[in-house]
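Next up: some structures, all given as structure tokens.
What follows is a pair of complexes built around chain A, which joins chain B in one and chain C in the other.
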Partner chain A sequence: MSKLKYEGPVIKKMNAGLMNKFGTRTEYQPVKHIEGVAVKDMIAKYGSPLFVLSERQMRNNYQAALRAFKTRYPKVQFAWSYKTHYNNAVCNVYHQEGSWAEVVSGFEYHKALKNGVPGNKIIFNGPDKSIDELNEAIKNDSLIHIDHFDELYALIELSDNLSKKPRVAIRVNMDTGIYPMWDRFGFNYENGTAWNAITKIVASGKLNLVGLHCHIGTYMLAPWAYAIAASKLCDLAWHSKNQLNNPIQYLDLGGGFPSANTLKGAYLPGSDTVPHIEEFAEAISSTIISYGFKPDELPLLILESGRALIDDAGYLLGSVLANKRLSDGRRATIMDFGVNILFTSFWYDHKISPAQDFTHHSEDQVLYGPLCMNIDVVRESVNLPVLNKGDQVVVHKVGAYNMTQWMQFIAMRPNVIMIDMKGENHVIRQKETLQYMEMLEETPQHLKDFKL
Partner chain B sequence: MFKKIGFILASVTNSYSILFFSNHKVFSLLLLLISFFNPVAGFSGFIAAFTAVIMAKFMGFNTSQTKSGIFSFNALILGIGFGSFFETSPVFYLLLIVGALFTLVLSVTFNGLLGKYGLPFLSLPFIITFWMILLASKEFSNLGLSQRNIYWINEMYAAGGKPLLSIFNSIESIPFPKWLAAYFRALSAIFFQDNILAGLLLSIGLVLYSRIAFSLSLIGFFGAYLFNDFTGAFQAGINPYHLGSNYMMVAIAIGGFFAIPSVYSYIWAFFSIPITNIMVISLSKIFGVFLLPVFSLPFCLMILLYLYFLKMRTITGKLVLTPIQHFSPEINLYQYKNNNERLKDEYYFKFYLPFMGTWTVTQGYEGSITHKDDWSKALDFMILDNELKSYSGAGTSLENFYCYNKPVLAPADGYVQEIADFIEDNEIGEINREQNWGNTIVLYHLPGLYAKLSHLKKNSFTVSQGDYVKKGQVIAYCGNSGRSPEPHLHFQIQSTPYIGSKTFAYPLSYYFQQEGKANKLQTFSTPNEGSFVSNVNPNKLLQLAFAFQPGYRIKFKEGNNIETWEVYTNALNQTYISCLENNAVAYFVNNETVFYFTNFYGAKESMLYEFYLSAFKVVLSFMPHLTIKDVLPLSVVRAPFFKWFQDFVAPFVQLIKPGYMLNYMSIDDEHFTSEINLETTLEIALFGKKSVVRTSKISLIHDKISQFIINQRGKERVFTCID
Partner chain C sequence: MKLKKNIATSESGFVFNPSSGDSFSLNTIGAEILLQMKESKSSEEIKKDILNRYDVDKSLLEKDWDDFMSQLRDNNLLEF
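Here is the complex of A and B:
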């Protein structure tokens, strides 16, 4: 007998309920409205697919997060993570709420400046900062978070003849007991590189070391890891003050707080497993407060949360293009949106709701995108009511990263609208046009025409 | 030596004005002059006062009291009375000196006896001494009662010659209305005189000293006449002497001096007249038996009764007895009003909110749920979100509630008096009536002043019994123990140290109350149910720039002028800035939350005065879109005519209101501040019409006041810090 072929194990929902004359029922509810605006109307007006953002939800998230920290720690500042979503309208919602800007490239830096964020309220992170960008950040008194020694040396060189010392912080990576350990950014704590960098900065006398920064990972499910991170940063701050006489003015715990999306491979839905932001706030605040700083010398606590503040404020509306049966009999539904604009479907099993009434019959099915490309799978297996051509769906919690990581691949990017506090719609990014796509293209003279 | 002579002269002259409860210099000199209209009386008055002052100084009584003239004014009246009634002779002078010394003894004694009860001794020493001498004088054969009072014009002629006499005569012959002449005569009778010139000068002096006192003297005068007409008592108790020394003085003392002038004090002054009248008549009859004049005895008794009577009240009410005597009804009134509006800081121990961030008062004083009866003055706090929900998610577990497990702070410095920490948190919706208060901490702040925080989480206390806690320190975490169906924080002030003690109303010092989108600063008040409140976060730069520690020196320059200011503390632990060049002094208070000036003395031309007006009050927290308002003292207004008019009506209405406003203009960075700009405005409301008098721009750079620019009537003046 030949060896049996290996098949990966599959977890399947067991249906062992009583027999029911109505057949299998689903608990799905159609989502016909977002913030009181009809999905049907929005698609009719702005086309399908369509990204929808709720200003109310964004503000609510921000205020809830701020409240979680401010009721535990006296000095808190949020900085909006531009890479999560740098549409100007979105950024300005957070800036209006009081957020600074956290940027990781010259492009984002200029975007923040252009939005009107004062230079001294921009945190410049990331491993890639050109000399010109560093010079500009120094001139604007921005907070430069140093990622590696080469950048540190470059900064010391740039600061040679300055009257005012640039304000810098170092990014610290560390073992907080979670995997993977993000040690590719910044200076390591355990092996002493971080302390080495701190002493180098203070000894140079040319830079003003005002802060310490860490960002221990993304979509973190363990609040206690932040407590460890906070305590290690406090350690460095304490020694910087007591050994080097260089008090640290702020600790930047970065972001990484999860949204309630369900990660691929997770057994339980994210809404049941993800810790509340209050728990992260508790872990961080109580660690710093009880560390031993004098009450009036407590460092400012900066947070760069992005995803947790916007993910559930974003929706993707789409329509069914076609239905088909796959060779193994499974049902497949082809949507008009795919991984090109819903990049996060690589990470999450997004919750998808039909936008109209349906029968109670549901079926496991594959959701494909419209791309002529094998990887374009939105959900590998999802139990949904039977959808017909033209039916509309709502994809939930798509506010973070999608509208910055989306690809112009095969299709163009759709409209993005924001529903404001009064329920009014505003287009905050128009759908792309052929003219826009070709705007930057240049065709050499000899390729201008051809004959077929 | 010169210092000593100066001291004695000042003490003697003060004895004159203090007769009218004043320490006004010009008024004293005027009174001194008037006393010499009857030269012998004037002279003997001066001698008597002089003797009392020298003796008081020599015996080592309190110098500031001696200087104020309160030990010598009785001697002064005695001397004047003596000179008015008796013939001069060696025995006269001997008795004068003895009498003066005896009034001093009585003054000091009565001061001690009555002072204990906060009562003045008034002219009792004079009355007693004079009586004793009067009674004894019948035995002194060399000392007879003179008829001087009738022939005093002769003496005036002898002293001042014809010119003085002609002035006197021409004034006497002016056809004043009868009542006016009577008024002047009554005033002069206080000095045992009976002439219009003295009364006229005295009334001018009285107006100069105090408009309020003057108006009260009229009330006393006319009130007495009115009452007399009403009762039909023919002239009984209404001679010029009684009009002056009793009715008018009673009206001034009750209406303006011992009470803060107000409608109520004026009403009291008016209704004291009938009682005074009865006293004058009845006492005259009693002492008439011994052939003794009652002098100002009715006045003394009236005032003592009135003061003691009012002091027995448990609630002050609208009629307020003068808390700090400034020897001027106007100053008393304005200071009282100003202090009442501004300086609550001095009356209250400062409590702050016992948590971080914004919480909501879910049950206030006299709350409908549990804040009842003896425990009604308490506050319950919870955290509510935008939708006024106190939880996220299902709200079925403690962790769903925003305020659960949130740090609870010490509301002020104090000792941990009592901790109860053994009660489990309730499930949501359940209450524990057995251990009503749940886990509780009681803090001791001052004798009779305790704060209690209840329904805390078990095992969450970070302090233990007997610990000293600092304001803002985390002491425990919010829980759901005791009579608490859902997590909340109970906060109350009590006067006894027990868990379960009854509450009393006590304000919170400074906090923000959310109104719409903006925060409004509340000072010394108690938040109402439903209000969103948070602590005021001080700004470090503002705190440092206005720190003004004793010994701190700062120099300011305007053009070529330089002023050096130094900060001092006096014996009463009051802090003040003194200008070393011109000795101007500005008193201030800095309580870490607010910096404000309380008083200014000295040259109004100094830069310090400009600074005093520019930074009259600064809340040491950066609050854009918020205007800090305050009331300036009337002394900043430079319009004498209006001010006098204001003084007349001051007890009833304030027509001139100088206001101060502060706006926070710009800050470079809320957290790492190195530059702040403030703008202040001085505004005067005249009959309700407001006009901006001046604006100031204050720049603070790197822990210091680097510059302030004032703009007054289009003229700009720049003061720069140079050191």
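Here is the complex of A and C:
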């Protein structure tokens, strides 16, 4: 006779009528498959923890976002935000879909070039571009988005003896009614610095001011803030054309559209509160279209959306290492993944699903990562079925920023796989090895050995 | 390890403590353990029964057992 499936004994006090602070219990579905591939099999083959990306979901997100804008505005171009996820396979999915590249460092710039993105389809953002990098970007006819006056003057100097003017834009920061206001990047709109930068560029005669850029924040929940941003960029473009006779070819509204993740401390899950991408598209498109440009002078609209295009295409599979009770009686579950690879657990209450069947009994618990470090907490409080050692879980919506911001701290980084359109798995980044980790280390001769 | 005398338990996993007014729900194994405790079976007997019927190794059961007993105690369901 085969034995019954075991689950540890649980007792739970019933608080009739009291709404618990964990809200609706949507986390109660086992997730055994991703894109038709069994979680169990993936972990058996590639180890635990394991990042899994869905190519289908990435393409779906991209196409839906493109459609949302293209059905409202005639000229739209997306540029993939490398910092959001710069694994080459991932970047190339978006490049295949038609995305340009948006980079913020020399490292990312070279990654985009190496991926085959033509130089004139790379947007070079950020406060840190070395003189060599600027020269290279000029040579490649890339779109250089100027962040500060020091960079502006450096560019004018570099352009002194060039026959072809470098193509530049300025990053503009502004009050869109959103707090906190990101005023550390670019030139401010309200106090006139942005206009000042525009006039300096045009007056120099050395640079070709082709665009205006802003990126008002990330995980923005207010479509109307984009309408304000768009109208302020339109205002600058309008004056650049009419006062300086310098028409602006494109407006780049940046990224920042939210994914359906739940921010820490939010009462309702992100899936209930996050506006649809169509609402952002409507706010931006209608503002620019109604601004008053002649139809043939409407600027190209560029978007640098990252998070919204990839977050829900990424999953983290993991396993339970142990259970324990804390001094106050709370249950603690220790997972084999922590903040080292799930950096976004500092911002989000990630949804976590068991990957196997369970009974309806659940307990409020804290989920810890495996690091010997006090802040390694994946969820401070989550109501989940009781998980035993070895049980597997699926963490949802982890595709954005984790695989770029992960830390090599205490543990090494795991395999990353992509499930392609046909349901086939591909390793797109191998798990790290000790040899790889030590590749760049050098031990001076006198420290090579010791006796203990 | 003895259950307090007046505790009401049901096979479906409902537990009521009339002296405090608290009620509790248990999962299947929890309910089985409580019912057997009510029949005054010893810890060893109950654990043996679970090991026989469920797919679980001894060390995991020991650990879960201690955890469960401490929860019963925290909820004032045990004699001492």
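Note that in this section the second predicted complex is superposed on the first by the 425 of 452 C-alpha atoms of A that agree within 3 Å, B and C clash if a C-alpha of one lies under 4 Å from a C-alpha of the other, contacts with A are read in each partner's own complex, and residues count from 1 in each chain.
Basically, a contact is a pair of C-beta atoms (placed from the backbone, for glycine too) under 8 Å apart; a residue touches a chain by one contact, two chains touch by 3 or more.
These numbers were taken from a predicted model, which means no experiment stands behind them.
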First, second, both or neither for A:Lys389, with chain B first and chain C second: second
Which of chain B and chain C A:Pro74 touches, first, second, both or neither: first
First, second, both or neither for A:Ala64, with chain B first and chain C second: first
First (chain B), second (chain C), both or neither touched by A:Arg325: second
Partner chain in contact with A:Lys448 - chain B first, chain C second, else both or neither: neither
Touched partner set for A:Leu4, first chain B, second chain C, both or neither: second
Partner chain in contact with A:Lys422 - chain B first, chain C second, else both or neither: neither
Which of chain B and chain C A:His361 touches, first, second, both or neither: second
Shared chain A contacts, counted only where both chain B and chain C touch the same residue: none
Touch list for chain A against partner chain B, complex: 60, 63-64, 67, 70-75, 77, 120-121, 210, 249-250, 276, 278, 282, 286, 289-290, 295-296, 300
Residue ranges of chain B in contact with chain A within the complex: 355-359, 383, 385-386, 392-393, 399, 402-403, 405-407, 462, 470, 472-474, 537, 540, 668-669, 671-672
Chain A partner contacts - residues on chain C that touch it in the complex: 15, 22-30, 33, 53-56, 60-61, 63-65, 67-68, 70-72, 74-75, 77
Partner chain C, residues of chain A touching it in the complex: 2-14, 16, 323, 325, 329, 359-361, 386, 388-389
